[in-house]
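One chain, subunit A, links the two complexes that follow: it is found with subunit B in the first and with subunit C in the second.
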Partner chain A sequence: MNRSRGKIRPPRRGLATDHVDFDEYWEVLAQSLREIYAKNASHLSFEEVYRNAYKLVLKKHGDRLYGNVKKLVGEHLQTVAVEDVKPLLPSSIVTGDVSFGTATTERRTVGTKFLERLKFVWEDHQLCMGMMKEVLMYMDRVFCADHKIPSIYVACMGLFRDHILRHPEYNIGNALNSVIIDQVRMERDGDIINRATIRACVYMLEGLYETEEEHENQKVYLTSFEKNFISASEVFYQKEGEQLLRDCDAATYLRKVDKRLKEEYSRCHDTLSVLTEPKIMRVVDQKLIEANINDVMEMEGSGLRFMLDNDRYEDLKLVYELISRVDSEKRSLKKKMCARLVTMGKEINRTISTPQASTASGADGTGDSSKSSAAVVSEERVANNITLVAIRWVDEVLALKDKYENIWERSFDKDKGIQAAMTRAFTDFINDFDRSPEFISLFIDENLRKGLKGKTESEVDAVLDKALTLFRYITDKDVFERYYKKHLSRRLLMNRSVSHDAEKQMIGKFKMEVGFAFTGKFEGMFKDMNISEEMTSEFKRASQESDSNYKKGVELSVQILTSTFWPVGGGGTNDHPCVYPPEIRAARDSFTKYYLDRHSGRRLDWRPDMGTADIRATFKGKRHELSVTTYGMVILMAFSELNPGDVLSFEEIHTITSIPEQDLVRNLQALAVAPKTRVLIKKPMSRDVRLTDVFAINEEFSSKFMRIRIGVVATNRAETEQERKDTDEKTERYRGATIEAALVRIMKQRKLISHTELVNEVLTQMGSRFNPDLTMVKKRIESLMEREYMERAEGERQVYRYIY
Partner chain B sequence: MECEDCGGLYIGCESCGSPPLVCSKPTANSPTIKHSPVYKDFLFGGNVTLYVGPKRKRMEIHKKLLASISSELDKHVNNDMREGIEGKIYLPDEGEEVLTLFTEWAYTGDYASKDDALRADRGNPKKLKQDPWPSLHKHLQLYAFAEKFNVPILKRLAESKFHIEIGPVSVESNCSRNVSSLVKAIGYACDNLPSSDPVLKFLAQYAAWRLELLRETASFNDLVSSQPDFLKELLMNVRGPKAKPKAPRKHRP
Partner chain C sequence: MGNSQSRHKKRRQKEPPAAKPTKKFAKKTKATRAPSPDTVLTRWFDELKGDTDEIMITDSVPWMESLGVSPEGIAFWVIAYWCAAEGRGAIRLKEFMEGMKALGIDSNNSLRRQLPTLLRDVAPGSDRFQKFYWFCYEFFKAADAKYLPLDMACEMFTVLLDERSYSTKWTPPAESNSSLKVKQPITWEKFPHKHAFLEFLGSTPPPTKVITKDQYRQFIPFNEQVDTDFKGYAIETSVWPSLFDQFVTWSKEKQPKDENSMDQSELP
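Showing the complex of A and B:
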């Protein structure tokens, strides 16, 4: 012994190899390792242990050393399993008879004790292995690396797994899984458990691997614990979902689910492993959200409908967040929300159209063969009411839009998909209502006429933008254009527009939205107005220069309208007959001559139905200036020749002026019935003008104003039934023409084209303006073939050929 | 005080404010690259006492410096065993000379394996031909030390010095001292390095290159017979006769 030690100790550089006796060195080492286990390391010399291990490895005893260390550790662990862990093994939890036999508190105590013991055993193992790893560093670095075998630390972790967790007799690992799952279950039920101890045991499972390669997805935690945990959780949440659905209202359900999600999240972070987070979240998502969310949304009196109707932003936000977890498209939410939105929208449409329908039919009921003046006036009134209705409709739709937009902003995280769905829903119900284009145009008209007074630029902009948002939803843009043109023309001609800037702003917005083709005519109207103004002043100058023809009493102001831009109807003097007083006739003829001299080849149609006149009149010695319509002026002029007290009957006025009956009624109504502007008196007095009435100058008329405006009833108002029929017809005609034009354009370009292709092409070209009716397209094709613009290609039935 | 340029410590006069002369931040060549603690830490971190060799020659070294060199040395210094508690480390297997060179390297980043007197005569190298083997042997010893305590930088340094110095050495038949020194060196390397070490491979090639000289010496034959791994490595480098061996004349047909 002594001799051999002497032989080893001094470093020899001789030729003979140092002989190293393995057993002798190992005995020293093994004793040291046992001391480490016994917590007696403080009297060991690190250097000595390190040197011994170094020597053994250097002298090629690495494999024996490695094997012996493993054997020593393995034996130690076996003792630990039997003596330390086994006595605390909670058999009742493992065998599964938990729910009945054992009380929760007892189960918790037993389980916790077991977990604490395992924690202790594990931490001791780690500590000792840490020290052993250090003294065996040279072996790890040289022997293990050279032979590509796991380091001693890794190997001994595997030993812990095999000798403790997978103990062939006691099945400690299974017990551990069951106890943790049992404890989590207690926590889910509201008990308080010792999270730190569980956490320590989970750390252990996470630190152990199935193999010594230590693949991240081979953690014992994942391979043995997690699977069981997930399936136990599935059962738990399946039951919980059913129970909540039975017991709770929608809002409570959502809150409970949200709470569960948060709990599971923090459980993964505080108690279990973050690795489990996505998986357990998936379980909650599936069992509590995916499976039941539709039922929750459908809940009577608390579901989605209730939340939407009552602006439950928080609850809706939860619905959105929870659904987002299971469906990035949020299909069911979109579908249900839009269904409600469309119902609400249609409800607005319905309440708006119901009273109107009844009054309209009432108006029709008064007899339409010879339209009595009463009928005309009452129809006017209905129309006026409808203007209010139109504005109410727009307001309500806007309010609905605001409501849903608010929800969208506050609860739905401004989700793009939901926005698109909402747009579709709005488009649906707005276009479902056939008067929406007219109503929207009326709304704009109302605002441009009076609504904008005293508003700042940005406020104006806001109102116009609102109108524009509704405009976007309209599919029949051409119908809207027609109404807008009509309303715009009245505003321009009667000078009713509050601000030309606002008008231009609105047109600018349309232009941005649908392009020049849409707004060209509107702009043309403005141009006409400007040219007319210049023309008027030029004519005045010219007239003054050639004094002979200029009548001092009449000052003419003209508005020359290009008939294609303006919705002024067919024209021709016959459509609007009117016999002017001589002075007026002279002025008219003079301007006609002047105009036609400058623009040869044009035709001027005079429109007394659209003009206005300012005339001076003296009542009781007081001079007044009356602003009336052209017709009104013509009527009043008929009285100016009479002696005081003379009367004219309706018939007589009609003969003198040849103003169409309907217009005459409307104007006489303004002159003789309206209380503040009654410059004529009517016999008998009544609210309606009848064909049998007799009229005279109202000598008693007095007013504190110098200038009196005698307006004709209603400027821009909703259409009467009759007008609407006209508009519809016009629209149909116009659409037919547009479709035909498109057809011819396409044929000219393609020469030969199949039926479906042709129809599709037309549909895309028309899309921005209106949705063409398929039968209309077919009819137009037939008609074009009749007129020999195109023909069926020989032999192929579904193909057309363009005829040059 | 920290250096403005590198954040390292100044060694300068703090009280008079004179500009510091040295910036003490360890540079890439310094032995402290791994943990880069600053000298101040060394100075105030205390000492550890080394008892070197069988005679337990007492040496002192700054504790933190030693610990910063490798995790193995760190564990020798900072542990819950005797060394950590007593602040003493016994290194019975190491030589005083090796520890001295190691300490020189630890503090300066380099070590000198030749005596100063010999260096002074460098001006006339042809005249005084030195025996290269003691120096080469020191490199091997430091190399083995660095291998034992896992100090890769020192290992590389010693290896490169070894290669630089063995380059010009000629092992000729007329110089038996060189031959026996080479055999000794191989013997030392076999005893103190793991058989996979590149220096051993190099020495095997070197021996194969001068095999004709070596195989005639008894010491080499002893070495080969006691070091099977080295023999194996050597054989990898030995080419056999160029032609197919012929049978002795009497057996020819």
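Showing the complex of A and C:
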């Protein structure tokens, strides 16, 4: 036991007691270190050197050793700075004289040489320090750790920083920065540089720290190089931005910027440090995008407008991508794009309404002689014309929408924000045009009457969807409803609809979009049509059973319209006077009796202005079936009693039939003027029907068709000015009532509510139908207060109370 | 009780007549009880009333003269208010008796003594002013009407919204004065918008034919809460009756014009 203990102890004791001469040991050690520097380390005994250092540390000479090593390294580095680095310092850079005197190539070689030398010096230093670190391991472990001082390796890295980079005389660090920046500059200008060397030097800078604590954000690269690099880049890109703006068109500018971004990105990854990437990208973003993108988009002849107008998808994509870098909202792009979109849209509105306005005023001019039928007819011609205009408008708006949708899809990455902005722009210009609800309804009307003929189900669906797209943009949905009702009723009553399936499909789409309240009346109209059909056949059966005399040659087919569903106007027989021939009167009276017997408490008004009649007539021995309006039938019947050759004047017809003058003019126009259906002749012959004209049966009438449809021009689908005024008035009245109903509903529910809240609530509730005018809402509130449905709450004028 | 005051017009009017103006008189009522007060009051009422069983405005002329106040003033309205008169423009016997009893008044003489207090207690700035002002709307509108005719409303604004009216010494202003008065900018008034508003109502074409209850009532807070230069008055979001919105628009349009015309008149 004793022996074994002694086996371990003696060397320790011996060391502990032996006097250690520091200088002696240090001399050996220093010699070894010098050998390392001299690349002669191979013959050194690692064990011996290590033991020397170990002994010194063990004998409490750690601090002196530490100091001496540092001194030795420091002295060595000073020599290196003077002998190796200084000669290669590019003088021009040190003096700051960068661009003058020295050619780029020369500057490049000088710079590269300098960088290479530095790289060499640094790598040598690293290598030697690595070896020394090994040798002095015990000092690091014991002395440095105990005294909480940086390891010798770290300390010597600091020495490199201080003696080489921050050399008090030569300022090598600054020179290094300038050289790298200069090299980068050359590369930006298109030269080829030695990236690897720069990379090595950057590694060096990244491996050095401001202090021995080696904080990550204290890298010399960050503290000394990067700042300079960024500010130099700022200057560069500032200039480049100005120059590009001057020299390039928008597309080139965008491409250049895109290229720069890619370059800087790869430079950070290949040449400099990835740490710099976000910062340098920011510089490019600021100087090239943020500062100039608005100017670029505004560029005459190549800017955003040009790109949009010419579907430059690639360029637009670039605009989008670049703007996204600086503004996630892409405000300026949205604003400029929408402005263009609205301008285009308003342009459509303008070109569409201008020619129409001139013809309309022309019609007004002739309308002075209000008795003249010319006015009526030309007004109708305008109206028919308007249908075409409406379809053109819809087509153009849809084309515009398709165009922008394409751009949105292909260039704007289907950005939600941009989509919303586009929707707003469409809403803007579509609602800016007061005829858009009518036009959209006309578009649907035209398709449901003709356009969809022979189309497959999916094609029909596509057309209807288009219409629906536009419908969505309309804020005044109630106005649209009014027009749609009118057009639908015409289709149903005149039996002009291509397919009831398509009609129902369209209504279904509306229902999905805005709900039952909107489509209820449309559906009611369809229901009426079905009921009428049943009613007609039942009536026929009933009459045949009860009355043997029934077969009088008049076959009645009725359409019973619920007046609240149909846009039939005020109603009442007085509005539409007409003296029917006795046979017709009998049929009418018998149906009236039949109907009122079955439905007591209802009122039945007859509308001769909306019906049609088929009459058989023989011209020159040939039988024809004439399909005419009810009025037309009444007029023709007036002639049936006459002898051949007898004539009736306009006044006489008017007296016999009591048909309102305007309707009479229209119908006579169809019967006596339209060339293919001229069953009456008019004297004098002229295009227009005048009050002084005289009419007779056209005995010479002939047609190759058995069945002839004599349409009245009045089937115009667009509105005339007068009708439009009426519609507007109706809309106003209807809106007032709707707002009032909403107000009462809200008050009933809330009892007590502030003015602002109430108004907002009404606006939300009405939103899907129309955009109520604020003053209108207020007037309605006041009117309800007057009628004591509500009042101001006591002491709080801004609050209303429901009175119940 | 105060709460239910405006809830329902009818209920409000059925409330017991407004309490005595001051307590002093309440005690006096109990003291003077000698001859049956009902008979005294009935007899007095019969002297005052006209052909009908009510004291109508026309009947009030000699009465007011006997009380020593101008018949064109508001004294009769104030008396009607204290009697809580329900009838349109007239006081009924029952109202008269209950009102006078509550006030402790049994003759022209005692009425004449108390009249200044009665007037003062409903003057602008007093607690009762609003009640009185609202009362006048109901008192002057025709039984089946919902609104006040414009000319009558203007008269009422002119008189009711003037502190000088609430004095027994008030006399109708001379004709020539009235036209001048409109142009005087009166800034110290309790109702700074009154003159401009009257001018607005009198403009052609008239902005309205009638004054609704809401417009009538809201005019008081409008005067209290809105600056004469309409700073901060947002027509878009205002909760005032829209007639006031129109008034503000009208005034704003008019103001610069006025300055121009003044400048021009000063030029020569």
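Rule of thumb we're sticking to: the second predicted complex is superposed on the first by the 609 of 804 C-alpha atoms of A that agree within 3 Å, B and C clash if a C-alpha of one lies under 4 Å from a C-alpha of the other, contacts with A are read in each partner's own complex, and residues count from 1 in each chain.
Definition applied: contacts are C-beta pairs under 8 Å (C-beta built on N, C-alpha and C of every residue); 3 or more make two chains touch, one makes a residue touch a chain.
Quick caveat, the model's predicted, so the values are computed rather than measured.
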{"item": "Touched partner set for A:Glu700, first subunit B, second subunit C, both or neither", "value": "neither"}
{"item": "Larger contact residue set on subunit A - subunit B or subunit C", "value": "B"}
{"item": "First (subunit B), second (subunit C), both or neither touched by A:Glu534", "value": "neither"}
{"item": "Contacts of A:Arg797 with subunit B and subunit C, given as first, second, both or neither", "value": "second"}
{"item": "First, second, both or neither for A:Leu774, with subunit B first and subunit C second", "value": "second"}
{"item": "Partner chain(s) touched by A:Glu782 [first = subunit B, second = subunit C, both, neither]", "value": "second"}
{"item": "Which superposed partner A:Asp597 touches (first subunit B, second subunit C, both, neither)", "value": "neither"}
{"item": "Which of subunit B and subunit C A:Glu47 touches, first, second, both or neither", "value": "first"}
{"item": "In the complex with subunit C, residue positions of subunit A that touch it", "value": "755-756, 774-775, 778-779, 782, 785-787, 791-792, 794, 797-798"}
{"item": "Footprint of subunit A on subunit C - complex, ascending", "value": "3, 5-7, 146-147, 212-214, 217-218, 221, 236-237, 239, 241-242, 245"}
{"item": "Residues of subunit A touching subunit B in the complex", "value": "9-18, 41-48, 50-51, 54, 57-58, 60, 131, 134, 137-138, 141-142, 146"}
{"item": "Interfacial residue positions of subunit B with respect to subunit A in the complex", "value": "54, 71-72, 75-76, 79-85, 89-95, 148, 150, 183-184, 187-188, 190-196, 219, 222-223, 226-227"}
